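Shared chain: subunit A. Partners: subunit B in the first complex, subunit C in the second.
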Partner chain A sequence: MTELKGATAEVIPAVAPPPSPGRRRSWPSRRFVELTVLLGPALALFTIFVLLPIGIAAYYGLFNWTGYGPLSDFTGLHNYKLVLADPVFRSSLWHNVIIAVLSLVIQLPISVAIALLLNRKMRGSSFLRMAVFAPYVVSQATTAVLWLLILQPGGFIDALLQAVGLGGEIKDWLADPNIVLYTMFVVLTWQFIGFGIILLLAGLQGIPAELREAAAIDGASAWRTTRHITLPLLGPTIRIWIFLSMIGSLQVFDLVWIMTLGGPANASSTMVTYMIFFGFRSLEFGYGSAAAVILFVISFVLAFAYQRFVLRRDTEGALTRAVR
Partner chain B sequence: MTAAVQAAPRPAAPAGRRPGRVKPAIPLSYLVALVIVAITLVPMLYVIVGGFRTTAQLNVSPNGLPHPWVWENYKSILTSATFWQNLGNSALIAFVVTALAVGCGSMASFALARYRFPGRDAWYMLFAVGLLFPPNVASLPVYFLDKQIHLLDNWLGVALPEAAFALPITVIILRPFMRAIPGELEDAAVVDGASRYTFFMKIMVPLSRPALMTVAILAFVTSWNAYLLPLLVFTNPTHYTLPLGVSTFQSTYSQDTAAVFAFTALSMLPALAFFALAQRRIVGGLSGLAGSIKA
Partner chain C sequence: MRSTRKYLALAAALTAAAALAACGSPGPSHGASSSTGKVTLTFWSNANANPLLGVFQQLMKSYHASHPNVSFSYVPIQNEQYDTKIQVALQGNSAPDIFFQRGGGFMATQVKSGLLANLTPYVSSWIGELGAQAQAWQINGHQYGVPYDLHTVGFWYRKDLFARAGITSTPSTIPQLEADVTKLKAAHIAPIAVGSKDQWPDAFYYDYFAVRECSVSTLEAAVKNVSANYPCFAKAGTDLKAFMASNPFQPAFLNTPAQTGAGSSAGMVADGKAAMELQGDWDPSVFQALVSSSQWKTDTTEIGWFPFPAVPGAPGNAAALLGGSDGNSCSTSAPEPACADFLEYLDSTAAQKLIVGASLLPANPAAASAVTLPADQQVLQASKSSSFVQEYLDLAWPTNVGTALDSAVADFFAKPGTTSPQSIVTAIDQAAAQQ
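== the complex of A and B ==
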């Protein structure tokens, strides 16, 4: 609120010659009231429900607390150390990293290739866009149940593999610890790849056709044109895709929780399923708080670094502009 | 300023604006398109069609067509209270979240875009940083807060935090848009004796409609699909939202596979129907979103 009071102070001299037309106000205090009314509700909501919880969690994390009775068993940074030392937490973090990397090396190239192929005049292209995008609007919870039904032993996927002569490749999709994480990745891809394709298509629409035409006139092959003109110009969109994919990979929860609860034997656990399993379900609220704070720091540092060092190349990012 | 100039004029749905300039499709495009449509739609159709079978049919052959087609599964779900209750809870929460996020967010964006005061960029930065804080990661801390202020098992305990977490993207999209609206309009309004309030309601809001629609849809869809926070906050099944209802139904009635098929199919339909109606807006809005984030 101090900032807003500063606003009043600044505006007082403006009574004489107004700094810019239309900003004339004879009562500075009125301006202060306006700003308070406009910013107040959003700031209150944001402070109470976004900023305050992290403070609470950081504080609870210092205690051994099961959610009942007073916070009396102060243990300092013990919970934080326990979380970071827990092999299950480390493997959960590793699973998030695997999902993020697989998205980058598998989803991204496929999305770009598909977007390039679809960026043409086609019959039924609006239907196609709709179909590609449909899984994205269905909730992850529904997607999870849908894939539970499809992946059940002897279910649709198994029958499909059998039908095309790959019956020997049938696995325990959700029960085999060596497979389950990759099953999750496939389902995640099914749900989210359409969003990426639509994003990339929008990026492709923004590239002037003249550039490709000019290259073609100069005798460049279609591949060279794509490689040296289209892809570099698609760079900003690709970097946004990576940013969104990274944030998404960090918070994978719904699918895993409903399909496997992070099992079998934590083989599909992620950081958020870890936090809910060992912090919420086992009523170790102090421990869960410490996990939440660690997750927050990890996501914040990664996303902020990416904003600062990668997206910055495109324009001064919204999140970095104020940090000069 | 570059940000404002860049983000605002970006049309919501740039798709197919230049007919004739786009290369014609090659057979490979159609083949790829066919495969993609099959991969996305077949699993959904499988579940919808599966809902027309009986559990006995499903047990005998998991992948056959319904024979005969039975309406019982769908009928019993549509006549039970659970499905409608879940749907109603989801709708109530999503509408409140959307109203709060768009209401508070547009007022804040207006202040951050059209007023000049010290620390303005820092205030904006505060909201923008919220985008780096994924709601799922925040779920447990938000649960602790709800516990403290006695909002557990109360729909406000879900709606208020969801609205708060919708604010960053709302402000990030709206502020550049409102900034790009020419200052001359404001001057003209002042000359005509309009108050700031009139200017906001009569000029700013109508002119920002495309951006407002985008943020409203984003807030609505995000809330409609949210799972983790409702899971933590609600213990009483009468409060459950649709995503929570689906997963609960699946684990409760796992023996009655046909009913699970039908419930899952029905739970997809509202989202798909809404999407079919607002398709252009949603697709355009989400791809415009990318432009705004970097702007």
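== the complex of A and C ==
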């Protein structure tokens, strides 16, 4: 750990050349040039493609605007109030929350279990690792079309249930407003669980084998070793996974849009499908922009709070210079 | 030496940043004309599958042969994706020269924003030949688009499945239709296919009940005032609720798309998996694109058409139709004479006969003789004899009101038991208040 501390704190002086005694140059100007060259392009891109659009969207949100012609119909915060009061927006937000919570209570334990399993030395483990990661590599559009075929009435899933004598359990997977959100969650899990597993496997590789060996010598059972050594040391990886999963849950769009268009009766809508619907389908760009800004604020606040309160102990020293 | 290299690197970085900042999308080259007077017209359309795709390609080729100075860059775009793409292009001032249009409220929005070329000077001499429907493409007396076909919504059905269910004649009233639904179900045939995932097919049902319940003057006032706040629109919702109670649709219809793939509602009728579908007259062209050519040959004799049945006791016009037309507009950046001339060419009798060959109805009545599919002749006859054609309400009203109508009807389709029919009227009026 001491090496790391030094590297983080001293990174800039280490790169700078030693001052030459003949031509002394002042520190700040060198530093300024370096910062401009290294940071400038990235900062310019970030400003043009991230900060500026956010500002513009917030501004559009103040107008009643079809997307064509000048912004002339100023309505103040009216659009923002309407979005927040719309029951469809609220249920869309609720769907995002459900997906986030289900990810936490279902995807996380499964990911950890499979990662622990795959971390063992066994035959074909690299094949299995590849197999669980494969769905993540497939594009979301392809996944959506694939699952549309699998889930269509009389499709693969229905035939499978029929074949194992569960024909009575066949449901309208994507057409029943009471089920569709959970169907979407299954597809999301299929697509993204591989990513969590690979992330956790990487975390597991970082846990020194000596600790487990020492525990084994002390007579700890496999379960106790896992419970008291592996899982606590996996903590930082799990907390990062939760962060990524939470952000991903708020952004769910592609799969839902292709598979259900947010329907039926908005039963699978998310904040992003809501925004696209009003922006592009309904030609209410002012209203759609207001929805986009609200989505941004919600995501930003959640991400910020999580970073601040949960990830702090993991990122301390990396983000802040103060290393105790 | 060191510092020279550093400044070179800085200069390179700044140049790269500047180049990045400057690289906007150049957009399609608008009627890219050279000194020789040659123009290339960019043409976006939702004709992305044969037969219509082939017909358009053939027409562009023959137009180019007789007008060597005019060539085309044709971009076919899938129907449901088209609306988004054209909006983005229009907003970004990179609109194609010629583009597909459906008229109505969407076109009106574009005209209001000054994005469409006024074609009146080029088309006024001949547009009258198209009859009353060309007027639907005028705003304040100016022509902003030219239709190339004529649309009518009605029930497409399979004669073989009707026969198998023991149905001998097509229904002319809603109770008769409901009785046929019962017979088809008894024969284990999905009675009516509907593409509810796309929402707009649901709206056809509400629109038609409104057309049956409302007088022509009420319908005209509703479109003009952008309001559904008339008792007959509420009654249309009640009629729809009663009809939905017969469970006429295929299983899992809420996630069925309208026209994409074999599992779509059109695919089900084409494939003999459902007996009917309430759709536009373009349905046979969709069927044709979805089935093999050999199956299409048998289908042409098996596919029939009947108008939306009458609602007993409803005061509206029992023979009025729901419809519209497809056409093209020219953007303001297009070379107007060439663009308008090509649109005129699309309506020439020869071109119209080719378009009819793609299972569409001609905008120009002179090509009516080319209609061969018996069901299509029936549709053409019905639209000729109908005293009133209501434009699809979701297109006639401004776009946000139209989508509100589609969503409200779709919500109602999803939960007919718990959603009040009045909610459709409320949704329309709420969206209209946003105007």
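Everything that follows uses one rule, which is that the second predicted complex is superposed on the first by the 276 of 324 C-alpha atoms of A that agree within 3 Å, B and C clash if a C-alpha of one lies under 4 Å from a C-alpha of the other, contacts with A are read in each partner's own complex, and residues count from 1 in each chain.
As a working rule, a contact is a pair of C-beta atoms (placed from the backbone, for glycine too) under 8 Å apart; a residue touches a chain by one contact, two chains touch by 3 or more.
Note that the structure is a prediction, hence the values are computed from the model and not measured.
Legend: residue contacts after superposition of the two complexes on their common chain; A:305 is shown touching neither subunit B nor subunit C.
Judged by the touch definition given at the top, the superposed model places A:39 against subunit B, while subunit C stays out of reach. Residue contacts after overlaying the shared chain place A:56 against subunit B, while subunit C stays out of touching range.
With both structures placed on the common chain, the touch criterion links A:77 to neither subunit B nor subunit C. Of the two partner chains placed by superposition, only subunit C is touched by A:267; subunit B is not. By the touch criterion stated above, A:282 is placed in contact with subunit C alone, subunit B being left untouched. Of the two partner chains placed around the shared chain by superposition, subunit C is the only one that A:174 touches, whereas subunit B remains out of contact. In the overlay built on the shared chain, the residue A:68 is in contact with subunit C alone; subunit B does not reach it.
Comparing subunit B with subunit C, more residues of subunit A are touched by B. Overlaid on A, the two complexes show subunit B and subunit C touching the same residues of subunit A, namely 37, 41, 45, 48, 67, 152, 280. Residue ranges of subunit A in contact with subunit B, taken from their complex: 3-4, 6-7, 10-11, 19-24, 31, 34-35, 37-39, 41-43, 45-46, 48-50, 52-54, 56-57, 60, 67, 114, 117-126, 128-135, 137-142, 144-150, 152, 154-156, 159, 190, 194-195, 198-199, 201-203, 205-206, 209, 236-237, 239-241, 243-244, 247, 250-251, 253-254, 257-258, 271-272, 275-276, 279-280, 285, 288-289, 291-292, 295-296, 299-300, 303-304, 307, 311, 314-319, 321-323. Considering their complex, residues 2-3, 6, 14-19, 21-26, 28-30, 32-33, 36-37, 39-41, 43-44, 46-47, 50, 62-63, 100, 103-105, 107-108, 110-112, 115-119, 121-145, 147-148, 160-161, 163-165, 167, 171-172, 183, 186-187, 189-190, 196, 221, 224-228, 232, 242-244, 246-247, 250, 257, 260-261, 264, 267-268, 271-272, 274-276, 279, 282-283, 286-288, 290, 292-295 of subunit B touch subunit A.
Of all the residues in subunit C, the ones that touch subunit A in their complex are 6, 9-10, 13-14, 16-17, 20-21, 83-84, 87-88, 90-91, 106, 109-110, 112-115, 196-199, 250-256, 263, 399-400, 403-404, 407, 410-411, 413-415, 419, 434.
For subunit A in complex with subunit C, the residues that touch the partner chain are 33, 36-37, 40-41, 44-45, 48, 64, 66-69, 152-153, 172-177, 180, 259-261, 263-267, 277, 280-284, 287.
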